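Consider the two complexes below, in which chain A is the common component and chain B and chain C are the respective partners.
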Partner chain A sequence: MKRVLRAAGRLWAVPVVLVVWELVTRAAENLSFPPPTTIAASMYEMWLTGPPERLWLTDAALENIPASVGRLLAGWVLAGVIGTAVGLVLGRRPLYFRFVDPLVQFARAIPPPMLLPFFMALFAIGPQMQINVIVFGIIWPVLINAAEGARHIDRQYVDTARVFGLSLKQRLFLLVLPAAMPKIFAGLRVSLSLALILMVISELVGSTDGIGFQLLDAQRSYDLPGVWGTIVVLGVLGYVLNSAFLAAERRVLSWHRTAKQTT
Partner chain B sequence: MRFRLAGRAVVAGLAAVLTLSACGGSDAKTDTASASGLEKTKITIGALPIPDSAALYIANKRGFFQKEGLTVDIQVVQGGAQAQQGLFGGSLDATQTNYVSTFLAASAGNKPKIISDLYQATPNSFNLMVAKDSSIKSPADLKGKKIAVNSLRNIGTLSVTSVLKTHGLTDKDVEFLEFPFPDMAGKLEQGVVDAAWMTEPHLTAVQKNIGAQKLADTMVDSTADFPIAGVIVTEDFANKNPKTVAAFQRAVAEAQKISASDRKAVEEILPTYTKGIDAATAAVITLGTFPTSLDATRLQRVADLMLEQGLLKSKIEAKSLLLGNSG
Partner chain C sequence: MLEISNLTHTYGSGPSAHNALDGIDLTVAEGELVCIVGPSGCGKSTLLRSIAGLLRPTGGQVVLNGSPVEQTPDNLAVVFQDYSRSLFPWMSVADNVSLPLRRKAMDKKQRKDAALEALEQVGLESAGAKYPWQLSGGMQQRVSIARALAYRPALLLMDEPFGSVDAQTREELEDLTLRVRGHHNMTIVLITHDIDESVYVGDRVVVLSKAPAGIVGDLRVDLPGPRDQITTREHPDFVHLRAEVGRLVRGMRSQPASASQ
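Presenting the complex of A and B:
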């Protein structure tokens, strides 16, 4: 009961904002700013008016949303794996790190949308190009954080590992990776929100499906409620991904908190 | 404390909502009356860097606007659809646009008013191009291919769809991608797209520079002599600034007469606002015609073809988008 009340207390602003938004937009009667009820109706029309055997999902919903989410997750997982692997190596080998660091800092500073035309020329338009753009754009926070995490491992742990004569593989999986985990997760979280942005951008330019494409198409059709509806879906998607990530992080890193407490 | 924080969050949220809706209002302050009695003397107009907009640049260069007491700032835009968004959003006072985008905007509840006709198609003024050694030999080979257009759902997609139809395909058989005209040559060469819908001066340039081949003329049959582009303002703007609009129309009409009768004038002005086009190229490009009057019957063809292709859900009378008979 208390929990429900607390949740309600946290969310009470949402309906208030929605009602005010509705009233203001109704009064303004500006086509560019449709009221939330119109946006909701347009979202329903766009995605939920399909046949019942497909849970009422329309072609647009089945084509665009899974395509976008798929590319986003594929890019994020790839960036996570590659970034962590490279980052750990760099973190444990100060010499490599010194050489590679300027390159990393340079590559990280390039705004990824600027590279879209090059990726378009390198890969055919399609998921491959979009995933590459996402990976290139979001790998840096993971890589840098993993390197940081691996660099600053408690001396005591390292010495203990040496005393017990752990092999390289054991050291990596029992010491370095777990010790760097909180940092890696911090990097992964930043990457996830970046991945959403890059997903949309890569679909706005040179794409034929996805949520970003639907946004562009709605714009070109002067379907402003549709544009807003797509924006709402993107917002919800970002919120859901972040919440899911936080839940996973709490679970995976719970040992870390308890371990810290006992030392 | 918690409550105060939450309260602040609400205030911030409200402020955000109010600011957003305030942006939509866009009560552009009109310049106060000038000596010539114009409601507004400074106009910002969107234009594409293609021959369609020649009259606007000629009017500016030869002082036709100044003579009417107008200062016209021409802003380069990628496509009519994008420009119209700027117009309805309030960042542009007027814009060049293709008529397909205009009818589409009108069908969505916007209120555009066409004030000047600028450009009409002639054979080979808007062609589908393919790369030098493309395997695509006929529009029928375009099934499953990617076609570059400057904007989705505009005159490009409409005329290409009409060509596809002649060859037994529909717009569902191909994929349209948005690229600005100047980028299309590169995209064709890199194989990013299989075909590109282009207009001059890029048509001539792409043949000369990368040896691109013409696949089809898109201004044939149902799109022969098709009305392409004109200048629009919002109904609101036209109502508030009737004298400014009339002055603008007179200046453009004067320039339009020059474009229509004197090809040299167009050739001279083109290199000043299109990138990478020298005088030699300008001399050989295929130009459309520059209509000197605004005619509802001609414009109606666009709306009717859009209805036929399903781009419009219900019939629109072209007449309803005109101010009067002034050209």
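Presenting the complex of A and C:
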């Protein structure tokens, strides 16, 4: 109950902004800036006027949102797993790191949207191309953070693992991975927001479904409330993903937060 | 069981080279508790790290139970100086204690029981489910000792294990060390810069000189009866030995009559 109240306390600005926005847009009567109620009606129309047995979700909602979220999550998980694995190895092997670092810095410096033409030529338009763009665009923060985290493990932890003869696998999973976890999570969080951006961009240029495709579709048919509606959905999606991520991080890194406070 | 011959170690090379160990010769017998004292920064940790195989010395050799130490030997445990960094904060206390048992042929249940037993010996049987950072410094150091005990090493190395806890906890941990040592009949090498502690805990006190460290004294501690924080420390032999070790640490000549070797 207390938590609900506190959440409500944090969110009080939202209705205030909505009301002000409503009043201003109604007064201005600019077609490019429809009032929030119009946007809400259009969103309802777009996504929630389906048959009751499908929870009122329309075809568009059932096709586009899962398609987008699926690609986003697939790309993010792949990037997270590959980035962590490669990063940890590079972090523990300074020699490899020195060779690979310039390449990583170069690849990271490429603005990810610039990769689209290349990947569109490489793969056919479709989920495979989009997931590849996402993975390639967002892997660097995870990889670099994992390497950094693995490189700066306290010497005494490493000595402890050596003295007690932990195997390579045990060292990886019981020492290196958990020790680097705070850094890895910082990287994953950046990657998650990048993944959302790349998901939309890749759908704007090369897709036949997804939220980005729907945005483009609405824009082509001069349906401005529809454009605004998809933008709102993207914002909500970003907010939900970030909140879920933070909740997971709090659980996984509880030792880190508390340990830091007491020492 | 432990033979160190002509051990030297130099950090770095060229003009910035630092000569830390200068020809150390030391033999430790099975079941002995040897304290190594020396001034701060003289090379005590360097010596310990060479024995543990964590550092490859630039000269000389360490032989443990007949075989030269190349990598970290299997039957050796270390209690490190800094308790705040010796346990993994992402594991519970019980998992920390049973961590080294993973290399032994034990199943999960056996490891758990062994960890619990070791925690009992250090008086922390109820702390198994906690995390290290939920314990006080002295308790964390006791967990490190429990981890070493659970492992049942032939040789236990302790690097200033009580250096960063308060005086009262320190006395408790000293007595704990003496007690568990009686239980397990382990060989222990304990490093300290505290002269009183070395005489109180040790069967033998080895004194190192200022850097580069060399052995300047090796005294047998023969104190009557079981050690006790109050009575042992006021015993005339204790007072005498303490003064002797103090003189050696400060680089003064020892009085020939009382040096044993």
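Criterion: the second predicted complex is superposed on the first by the 250 of 263 C-alpha atoms of A that agree within 3 Å, B and C clash if a C-alpha of one lies under 4 Å from a C-alpha of the other, contacts with A are read in each partner's own complex, and residues count from 1 in each chain.
Simple rule for what comes next: a residue touches a chain if its C-beta (ideal position, glycine included) is under 8 Å from a C-beta of that chain, and two chains touch if they have at least 3 such contacts.
A quick note: this is a predicted structure, and the numbers were derived from the prediction, not measured.
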Partner chain in contact with A:159 - chain B first, chain C second, else both or neither: second
Which superposed partner A:17 touches (first chain B, second chain C, both, neither): first
Partner contacting more residues of chain A (chain B vs chain C): B
Chain B versus chain C as contact partner of A:174, first or second or both or neither: second
Touched partner set for A:256, first chain B, second chain C, both or neither: second
Touching both chain C and chain B, counted on chain A across the two superposed complexes: none
Interfacial residue positions of chain C with respect to chain A in the complex: 49, 52-54, 72, 74, 76-78, 80, 82, 84-86, 88-91, 99-100, 102-103, 131-134, 151
Chain B partner contacts - residues on chain A that touch it in the complex: 9-10, 12-13, 16-17, 20-21, 24-25, 28, 30-33, 117, 120-121, 124-125, 205-208, 216-217, 219-224
Residues of chain A that touch chain C when the two form their complex: 154, 156-157, 159-160, 162-167, 170, 174-175, 178-179, 181, 255-256, 258-259, 262-263
Chain B residues touching chain A - in the complex, by the definition given at the top: 6, 9-10, 13-14, 17-18, 20-21, 24-25, 81, 84-85, 88-89, 101, 104-105, 107-110, 146, 151-154, 175-179, 183, 186-187, 190-193
